[in-house]
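The following pair of complexes shares a single chain, subunit A, combined with subunit B in the former and subunit C in the latter.
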Partner chain A sequence: MLRYMVRRILATIPVMVVVAIFVFSLLYFAPGDPAAIIAGDQATAEDIALIRESLGLDRPFLVRFGEWSWNILNGDLGTSIFTGLPITHLIAQRIEPTLSLTVLTLVFAILVAVPLGVLAAWKAGTWVDSAVMIFAVLGFSVPIFVVGYILAWLMALQLGWLPVQGYRSIGDGLWPWFRSLILPSISLGCVYIALIARITRSTVVEVLRQDYIRTARAKGLAQMPTLFIHGLRNAAVPIVTVIGIGFAMLISGTVVTESVFALPGLGRLTIDAILHRDYPVIQALVLIFSFAYVLVNLAVDLAYTLFDPRIRY
Partner chain B sequence: MPATTLAATERPDLFVVRRRRSGVLGFLIGNPRITIGGGMLALVVLMAICAPLLATHDPLSLAPWLRARFPSAEHWFGTDMLGRDIYSRVIYGARVSLTVGISVAVLTSVVGLFIGLIAGYLRWADGILMRVMDGLMAIPSILLAVALMALTRGSMVNVIIAVTIADIPRMCRLVRGVVLSAREQPYVEAAVATGTRTHVIIRRHILPNTLAPMIVQATYICASAMIVEAILSFIGAGTPPTTPSWGNIMAEGRALWQIKPFIVFFPAVFLSVTVLAVNLLGDGLRDLLDPRAATRT
Partner chain C sequence: MSLLEIEGLRVQFRTATGVSRAVDGLSLSVDAGQVLAIVGESGCGKSVTAMAILGLLPEGISRADGTIRFEGRDLLALTDREMQKIRGKAVSMVFQEPMTSLNPVLTVGRQIGETLRLHEGLGRRATEARALEMLRLVGIPEPERRLKQYPHELSGGMRQRVMIAMALACNPRLLIADEPTTALDVTVQAQILDLMRDLIGRTGTGMVLITHDFGVVAEMAQRVVVMYAGRKVEEAPVRDLFAAPRHPYTRALLDSMPRLTEGGEAPEELTEIPGVVPALTEPVRACTFEPRCPRASDQCRTLYPPFRECGDDHMVACWNPEPQPDAAVAEPRRQGEMKA
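Now for the complex of A and B:
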């Protein structure tokens, strides 16, 4: 087990290296000369050359990549061109809404999607199943911002139940914080729910065909324990896997959701960085989001044994 | 229904309990998702092709004195903040979405097939290629597309390239998986044993296996590419703002959406319906072409 864990953790290193190379190339090949930008409009060619030399921009790709990686390992993500602030500082400012939104959506989506998928599998072939699957196709097809605008229009503007936009920090109290995240979480969760419900249904349908389910039913075990203890438990591995893979959708979705609901998070920071062509910030954000994705999937892999004790490494 | 197909189904056949209709109509009835999805998509394609005939106004002409008007007999879907006719813009927007969706699907298939075949067939290349693909896959696709778009000017071609790069790993893994399982098949071993040349084996025995799953995957990629294009345009990193794309129309309506929700609403409906059509078509094709995958996902 320990050997497997170590091997699995080591296996993420090449992935992270590829991500890092890609993200670094992004800045390296970005149009515009950072030295010229820093030097300003009045600078002469000599000034720019001087700045370039002092920043080390004239050195070869590999040397700069090594230095950049070393800085990141030491927790230095660089400086924003637009604001002049350290990027770690910008991210620390903006991480709370994003983290809140992601965690809340994750919890909410799993709580809705898994029972929905089990229900569809249990009632496979009936109208309940069709309804859940139609919802799943819709969830895949209606873009997040469309769901977001419809929800905000209905729940906030027409009914006035929830705030339209904006974010309340968790420091302002749990309830205002939660209220400000209800609509964003539902919008962001739709695709994720569709994905998880679909995979849950198909795996549970498969499991329900097994002999031990027939045995459980034959010995008179009630419907719910059969479904959830025998059915869901044995279907857990694919479901957990898809939750991990779908995390990428969740991350991509935060960029859009934060924009629709005016949440001052990392997604919003990404959009601002694009509009200002603030390459170091874009670079840092892509890197952080990707590493988060890799780590979540690492955790999923390591969690397999928890769900299925038959898996031994 | 043509008479010939009637004759085929009217034959008394004691062993067949459920008669299957044959012919085109039978196929369409037997595969409702392909019928509905394909039909809806055909309408959108028709709309895109006939855009100049269907549009009531020039989608680009400005009329600042007619800003953000509600839908009326003159402007069916109202006008946007610059007085442009939203109905005409939405009609022309179908061209952008379909072009991006279909181009990305085709390009991803071609490049993904090429890399997937190499990775699946050449052992030494497999390790390197798959590590690169794993790395690319670790970057959430919208972020990857956004990052690539930040490097270039906003244009439709650049959107297509950015989304394609972000989607290639998915196709590549699929092809590689099919190749790896196909090359273990007895008929491939037999072909190798009889001295068939590698390129012939790939063309005759491996490629046909990849076709069905690739078509299904390409449909899903087409659907997601249209969403990504709209998202990119919506956040200001996609097609240039003057282009009438659904994402751009929504982006323009964003500032006013609380009082003039129709600006966002109409392109949103068209985008959702088109993506739904492609997804339905994909589900139908999957059930038809790859019955085993249908039970899995």
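Now for the complex of A and C:
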């Protein structure tokens, strides 16, 4: 077990390297010259060349990649072209809202989606099932910003229950922090809930046909413990898998959500960096998001053995 | 008062092709300490009867009428919550498929313990001790280790022993076993049957044993009910039924039975009787076995025969039953015709 975990963790290293190469190349080959952007509109060709040389942009791909990787390993993500600040500094400033938003949404989505999916599976073929599935289709097809604006308009502007926009740091108290994240989490969570609920439903429907469910009922177990102890436990692997895969949607969703609700997080930083063609920042952010995705899926892989004793590596 | 008394049980399923009468007016009774066997080809309603007793027919698509009295209480009239107190406690069940009937992600100890905690309100310690005792009782070697194992780490025979341990953990008064040995190989079958007979004999538990294997019937039961297409067609003490089956269907079942001791292979599903079980969705007017019956007459094609006495404690639903042994000289068996 421990050996497997270590092996699995080591196996993520090549994945991360490939991700790093990909992220680096993406912007290396992207159109637009960072040197020209820095130099501004009035710059001459010589000015641009000079800047390019001073930034080391004229050196070969491998040399630049090697240097970039080495710096990252030493905790240096580079310097923002636009602000001139170290990128680690920029990210440290912005990470709290994003982390809060994703973690809260993740927890909230799982807590809503899994029982919803189990309920739909249990009541498969009835109106309850249809209602849940219609909700899932809607949640999947309505864009985050639409949900976000509708919620903000209703809950904040009309009813005045929740703040319209903005982020309160967790340092200001748990309740203000939580309040500031309710609407963003719901907006961001819709797609995720839809995805998890659907997978939960279809997996649990399959599980409920199994003989051991009948055995559990024959023992005198009530519906709910049968569903949640015997049913859900057996459905856990596909559900956890989709939670891991769907995490990518969550990450891309934060970019939109942070804009709609004016949360000063990494998503906003990403948009600003793209608008300013702040290449080193974009690189660093894409890299961080990718690593987060890889790590979440590592956690998912490790969770398998927890849920299913038959899985042994 | 009998332990279990079923009267006029009717179970219907709503299907795409119409209402299917899986069980159609079944009556039977089991006394404490008695083993009643229900035999019949696959699809004749044996499992549905078992599920009806436990109140576990699929919701929404099925309906059960009649009465199922257990110790005087009509189980069909109880709510699911009331049934939960009976299931696994007073009435428990062993299923056919030991490979799939245990939950793959929970330990054996947990699955046996669940029943105990639920019905006996035992604490953690006491539950574990009792689970261990049960594993010992059903003859599982190294019970301490098995308790912490998962079903996939056990053989089919071991799993069926676990199922039996689970079913008997709360000392039920009635055990329903639905083809408990069909999925096992022959030597294991014999062991499991011995085990069940032994445990049941000790506690005076009544038992409904569902099977299509007359070898199992001979080994275990005192009384037999033969079912065909959702109905009881013959009922008699085991010995009488073997000595003189009266329904042509029972006769055919007995004739098609492979010799358990010769082959060494487990008996297959009975398929040797020519013809097929009629669709359960069609209304019954004539005898349902008539199209396959070597003794069929015009009367059989017009009216379903009544279930009536045909000997001492021997009942049959047939217009032209097989002759009694003493009359056999006068009317020889027509086995040749039937196989044709």
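Here, the second predicted complex is superposed on the first by the 285 of 313 C-alpha atoms of A that agree within 3 Å, B and C clash if a C-alpha of one lies under 4 Å from a C-alpha of the other, contacts with A are read in each partner's own complex, and residues count from 1 in each chain.
Definition applied: a residue touches a chain if its C-beta (ideal position, glycine included) is under 8 Å from a C-beta of that chain, and two chains touch if they have at least 3 such contacts.
Since we're looking at a predicted model, the values are computed, not measured.
Within the superposed three-chain model, A:210 lies in touch with subunit C and out of touch with subunit B [touch as defined at top]. In the superposed model, A:22 makes contact with subunit B only, not with subunit C. Shared-chain residue A:61: touches no atom of subunit B or subunit C.
Set against each other, subunit B and subunit C differ in how many residues of subunit A they touch, and the higher count belongs to B. In the superposition on chain A, no contact is made by A:70 with either subunit B or subunit C. Of the two partner chains placed around the shared chain by superposition, subunit B is the only one that A:30 touches, whereas subunit C remains out of contact. Looking at the shared chain after the overlay, A:161 reaches neither subunit B nor subunit C. Once chain A of one complex is fitted onto chain A of the other, the partner contacts of A:219 are limited to subunit C, with no touch recorded for subunit B. By the touch criterion stated above, A:307 is placed in contact with subunit C alone, subunit B being left untouched.
Those residues of subunit C that touch subunit A in the complex are listed here as 54, 56, 60, 80-81, 84-89, 92-93, 95, 97, 100-106, 114-115, 118-119, 150, 152, 163, 166. The residues of subunit A lying in touch with subunit B in their complex are 14-19, 21-23, 26, 29-31, 137-138, 140-146, 149-150, 153, 157, 164, 198-199, 202, 205-206, 248-249, 251-253, 255-256, 259, 270-271, 273-275, 277, 279, 282-283, 285-286, 289-290, 293-294. Per the touch definition, subunit B reaches subunit A in the complex via residues 131-132, 134-136, 138-144, 146-151, 223, 227, 230-231, 234-237, 250, 257-258, 261, 264-265, 268, 271-272, 275-276, 279-280, 283, 295-297.
Residues of subunit A that touch subunit C in their complex: 125-126, 210-212, 214-223, 229-230, 233-234, 236, 307-310.
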